[in-house]
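Following: one structure in structure tokens, then a few remarks.
Each chain gets a letter, A, B, C, D, E and F, in the order it is written, and its residues are counted from 1.
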Amino acid sequence: MLPRNVENFIGCDSAYRTAQIVLFGAPYDSTTSYRPGARFGPAAIRHESYGIETYSPYQNTDLTDCEIFDSGDLELCFGSSESALVDIESRAAEILRDGKLPLLLGGEHLVTLGSVRAVAARYPELHIVHFDAHADLRDDYLGAQLSHACVLRRCHDILGDGRIHQFCIRSGDREEFEFAARHTDLHKFDFTGLAELTQWLCETKVPVYLTIDLDCLDPSAFPGTGTPEAGGVSFLQLLDAIRTVTRANIVGADLNELAPTLDTTGVSTATACKTLRELLLALVHNRPHV
Amino acid sequence: MLPRNVENFIGCDSAYRTAQIVLFGAPYDSTTSYRPGARFGPAAIRHESYGIETYSPYQNTDLTDCEIFDSGDLELCFGSSESALVDIESRAAEILRDGKLPLLLGGEHLVTLGSVRAVAARYPELHIVHFDAHADLRDDYLGAQLSHACVLRRCHDILGDGRIHQFCIRSGDREEFEFAARHTDLHKFDFTGLAELTQWLCETKVPVYLTIDLDCLDPSAFPGTGTPEAGGVSFLQLLDAIRTVTRANIVGADLNELAPTLDTTGVSTATACKTLRELLLALVHNRPHV
Amino acid sequence: MLPRNVENFIGCDSAYRTAQIVLFGAPYDSTTSYRPGARFGPAAIRHESYGIETYSPYQNTDLTDCEIFDSGDLELCFGSSESALVDIESRAAEILRDGKLPLLLGGEHLVTLGSVRAVAARYPELHIVHFDAHADLRDDYLGAQLSHACVLRRCHDILGDGRIHQFCIRSGDREEFEFAARHTDLHKFDFTGLAELTQWLCETKVPVYLTIDLDCLDPSAFPGTGTPEAGGVSFLQLLDAIRTVTRANIVGADLNELAPTLDTTGVSTATACKTLRELLLALVHNRPHV
Amino acid sequence: MLPRNVENFIGCDSAYRTAQIVLFGAPYDSTTSYRPGARFGPAAIRHESYGIETYSPYQNTDLTDCEIFDSGDLELCFGSSESALVDIESRAAEILRDGKLPLLLGGEHLVTLGSVRAVAARYPELHIVHFDAHADLRDDYLGAQLSHACVLRRCHDILGDGRIHQFCIRSGDREEFEFAARHTDLHKFDFTGLAELTQWLCETKVPVYLTIDLDCLDPSAFPGTGTPEAGGVSFLQLLDAIRTVTRANIVGADLNELAPTLDTTGVSTATACKTLRELLLALVHNRPHV
Amino acid sequence: MLPRNVENFIGCDSAYRTAQIVLFGAPYDSTTSYRPGARFGPAAIRHESYGIETYSPYQNTDLTDCEIFDSGDLELCFGSSESALVDIESRAAEILRDGKLPLLLGGEHLVTLGSVRAVAARYPELHIVHFDAHADLRDDYLGAQLSHACVLRRCHDILGDGRIHQFCIRSGDREEFEFAARHTDLHKFDFTGLAELTQWLCETKVPVYLTIDLDCLDPSAFPGTGTPEAGGVSFLQLLDAIRTVTRANIVGADLNELAPTLDTTGVSTATACKTLRELLLALVHNRPHV
Amino acid sequence: MLPRNVENFIGCDSAYRTAQIVLFGAPYDSTTSYRPGARFGPAAIRHESYGIETYSPYQNTDLTDCEIFDSGDLELCFGSSESALVDIESRAAEILRDGKLPLLLGGEHLVTLGSVRAVAARYPELHIVHFDAHADLRDDYLGAQLSHACVLRRCHDILGDGRIHQFCIRSGDREEFEFAARHTDLHKFDFTGLAELTQWLCETKVPVYLTIDLDCLDPSAFPGTGTPEAGGVSFLQLLDAIRTVTRANIVGADLNELAPTLDTTGVSTATACKTLRELLLALVHNRPHV
């Protein structure tokens, strides 16, 4: 009697019932304006994770010691953003209802909005920490308000001023930077200010949603993404930032914008896998009592 | 005083006023369910056309003898299909109003619907001749009625039974083939029946819209497309079919589904350029009095 | 309560208990002498199968009407051929013991030997029908007797003269063709003779193992393989051959040598998926009483 | 005492002294107007030849039975066409002087001119048989008379009317086809007429130079070339044409326009290797007394 | 009445009459000795510029505030270097005559010579600032004096000793470094010394031509170039150097050696676009009175 | 009389008799568990070396001043690890016997074991300095003890505790790091400690084997390898480490794990060539009396 063929992110094969963290993929990229392909991100991360180890020599811990469940990818309708967001929100809400941390794998950055809707409904005092090359603060993009280029603006519609903390931002139009100056906490170019912010987040214990657009990394480290932007941070800087910010009260998270079709060498996918491993280990390690 | 940098499909640099045929691109692929990239099709066809000649040894005519205007690409909103279709319909309608033949370059096959709406509004007795590997007759795809997989079904909504003539079809779900058996004139696998149909179209002089999904070609000849489907026709068979059907009263046409990002050798783009040249020459040659 | 993430070849989600056919992958290519990559074949076929339909307009049947179970890939030890073959043989034997037809997905062609060992143990009067560009009849390759280039020779060691029927062969060294002239039933270049052979196989009802090296296809149709060899058959010829030979008493089968890393356009993978669908449908359709 | 690392085309390791045929490469592509890369052709053919066999099941002969010497590639000066042609002519003349047949591997098609200069100097009554998608009969290309697009025109300057026999031609500007109608023996699209021509060449015993631009092949069979042109011949048609024309008195030959950088799957390089093997075997087989 | 399809580098759509800076492309790479492809550089930069913003958060300025005209690409004759240089020189001279700054996009580095000839004719006291991995100081390369590997040597022929300032140089043969020691101001490996040089250039107000070979960047940041050379500078270092040196009296500039065909991920093209944006903004910002 | 076509790494064309260093390639990768391709490494390094110079501006020396012989690649049997190791050991032993330093080019890292066996047989007091992202200390990998993932463990079997010095290690399972803590001198992440170690090695004059897995480099600098691992060192750090450690008494060395098929831009191959040049120059420069 042969078993069915189950595919997980490496080391994430706990039972759903006992899991602390639940992975789910949102293979959507219909609003990507430049180069599509992020839809293939979550499947590639899951599939290629067998090229890395479950053990981290950075954190000296192992995924096999953690309780994580990988629920696979949602089946989303291409070309219909609101419908995709409803499905994402619904999955995140179910995971939250079961007392677990939802960890969303994109897909383009718009998918974050579905998850943030669910998390903000449960935690109205939510803050967002946002690592990205792009401000994503447009009010609309060629007429569409649901666009990857507007996703943090839509989050601002929900959360209001001063609750969005942006790092590594090095691209946007002039209006986005002007909007940020009035409404968000935007840090240009790198992680300057993250340590101070984290200390405040830890002290206040406010719930935090962490959204990582992998294009915050320099294109040399992460070419496989729709809109690569020179002048970004290194993998080790991102790893350090993840280990810092996860000391706060993270209640939801996502990792997005890997576009495997643009990752001709496979290095970006391998780096996304390693980033996810370190993020998972940091989340588990820094919240042992959840 | 240096002139501006104008880019046309090779040999298509007539004045708009005198043009018989007007090219326009619809760089849209948001509903592509499998592998996106067709958005880059029209720009690639225009750009790479400088690798072919304007002269055809098959038809012994030359694009430089024709009056064709290339209006470039529309700027469409990704992730918002109805809005994209409105823009396409509006451009096609304008060209028709000026007494010219609109020749649309996709993009995914859904863009055909915008053009067909405009042409059918002007020619209510319109027939469609459809070359494609896929039937595209689903009523919806994962809930979306505006999808590349539904585009001929939407055309059927407009035109009704017996007005859609499909060739080379070799993929679809069972329901699509059952729908075709009742409502369209579907020819499986190749161009069998096209000569007879053309004779009838010529005799009745009904207006005809020609829509060519380049994946009707065998993947060996045309790998650079979102959903390659083995068992298709050769380039010479397609060329022959184009020269046949253009003897009918063609009032609008399109060529779509080149995805240059999937065309790793450039052969598909070169073949799309050659197909467009032959289509343009056949259209001009077979309608000298328009 | 979210379910686990199960991955099947499209439409192959029966229960193991009720399945007539059981798929299993052997991701092995350590003896590939020219260009490796076939190890990624079975996972790619499974993953990319979602780009094709379950319905065949050629056979007018649907995978959703069949009872097929996909047991995923074996975990094989690279660089240790005998150990890999033992694992393959053991899996095939288990499937045969349960009264089902084992359908192996390679991997390099050497994997066939594991399956043939199991099938020949159960059916000592076994014949093999072999579609391939290469004779694979060397006694050793650079000293190794377990090599993809020797796999049919090893099968001959088991079955003896006159039991191996080879088609489409267009490459080999002089000694292989001389060996074939004395010991196998080799047909050069195409499927000439297959109809006659099939009639004899049907009349005698001998058990038949069908091994398909996808490089029997012309490289224009199937470039993504380790040793492409110009001058092969078309997809439609292969489809016809499959539908012919499956009228015989097939008791085991395999499909191998897709190397996705060499399939830069994805066309070969899509073609492998379509070939597998048609093979499965033909096997089920032609053996309704098993 | 370790030997030096010698690289030959497979099976071509005779001593220079005893060789009947001498291979030499001309890695030049500076005048390529569309997509460069043919400079890497001869090295790729030599390097990748280890993926094919020395034995041909088509001709039932083996390279190891032949006397062929591979002299490697010339070191040519990029951007300086006349200087490159002088070096090619000089090498071809040396080989001819030693009573051997020079077989040149391009490079872009312009390199043929160097070889033809040497061969025509020795055989003033020379005819050329030319397999190509393109007529290559322009008088100049953007001002340059030494261009791949002019190479047969330059040969016509040397040989005059009626001595150039062109096959498979399916691209050129109008003037080239008009020139051909007056001055060369041009056969459009395929090998129609080659059998008759060969019979005449055999009867008259005139010396013949055979130049094969591999883009005479259909792009499905041979995508890896600078200017792919749909509608070409198959590998088996080319093989048949080679076996036909080599019955004439061939005194020099070349094979050109493989561009490995455009050959993303490696299939074109493998096909070029197989074509060269068959050409060498046909040349040796059909001229046993040289 | 539809307008013609004009293509500019993003935000560079001023009228020629009012423009301060004029872009022009020189798609030439015939002397490239290693890996060609730079011919496609200028078109790729123009085309892909729609993936970046017109606004720079580094300089807090916007291309839409500048007066820049993009005149497209010259049509150059491949394989004929002197003829190409004449056309480049002529275009640069025309732009200078109209009182505007010529900004040349290569192409291989040889194109710089055409532009320098024009600029030096107008400004005999010209200095050159040269960012590059390679010294480009050979007297000839395989016999050719007009070669990318000789371009700064040819500039030295015009300008003489002490007028060429080279930075980031980390490759060359021994003779080039010896020549530099006697005749140019060569700084190995990075931008050490650029601040001091700029101060002197500013004080003396000498006219300066800035030539940037993008391979001064490390291959991790800029793989898409003909001769990548490990050990280069980062994008942020190059950005800083550009902002520094543009404080001098720049009277002409170029950016070259992007080879899009080698840029498999698109990251190099995106980085070239961003570099050009920052260079344009720095030139405009630092010379407001021109 | 034309000479044979000899291929060397650039500048390494001494006679065997006078050579101090002998290069040999081991094109083997059958145990690679993730992504094969390293088999093509040595040929690519040799072939592409013509894109770099023989002169180093870092060390101000030139390969043309050195006595180095390139013996080409061994012909190894794929899928048979022990047999491949025997051939490697035998070649290394022959070179050592002739009083020369063997420099092995891999291939996967397992090939090191063949060379270490020969060197340790001659120098029983041997130490190994190991640069790598991976610890390679497993006792077996999926049952195989001869695996790239076990190669340093196998070396430990020969040399025992305290003789293996590992740098840049950032991946492994927990057991490997625990093994290292007890048995090897492992330095995580970078070259910290190398200067101190080298001083000790110089003082004690112990014989040292240097094995460099190029994946010690960060994937941004070296993507073309089977198992890229984010967070590595830069090329300049590796260059510095090589120049440091070669002051010790190096008696054998290797450079491995370039996988050209994964090096889509060619940058990794170019970097491997430059690394080999610098390694050769450092070895010659630091051991003038050998």
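Operating definition for what follows: a residue touches a chain if its C-beta (ideal position, glycine included) is under 8 Å from a C-beta of that chain, and two chains touch if they have at least 3 such contacts.
Nothing here was measured: the structure is a model prediction, and the numbers come from that model.
Any chain that touches chain B and also touches chain D is listed here: C, E. Where chain B touches chain C, under half of the residue numbers in use are shared by the two copies, so each contributes mostly different positions.
With centres defined as mean CA coordinates, chain E is found 39 Å away from chain A. Averaging Cα coordinates per chain places chain A and chain D 56 Å apart. Residue positions of chain C touching 2 or more other chains, listed in rising order: 35, 218, 220-221, 264-265. Which chains touch which is summed up as A-B, A-C, A-E, A-F, B-C, B-D, B-E, C-D, C-F, D-E, D-F, E-F.
Partner chain B is touched in their complex by these residues of chain C: 50-55, 57-58, 62, 218, 220-221, 235-236, 239, 264-267, 270-271, 274-275.
On the chain B side of its complex with chain C, the touching residues are 34-35, 169-174, 177, 188-189, 218-221, 223-224, 227-231, 262-265.
By the touch criterion given at the top, residues 29-33, 35-37, 39, 75-81, 83, 110, 141-144, 146-147, 261 of chain E touch chain D in their complex. Interface residues of chain F facing chain D in the complex, by the touch rule stated above, are 1-8, 16-17, 22, 24, 43, 46-47, 69-73, 94-95.
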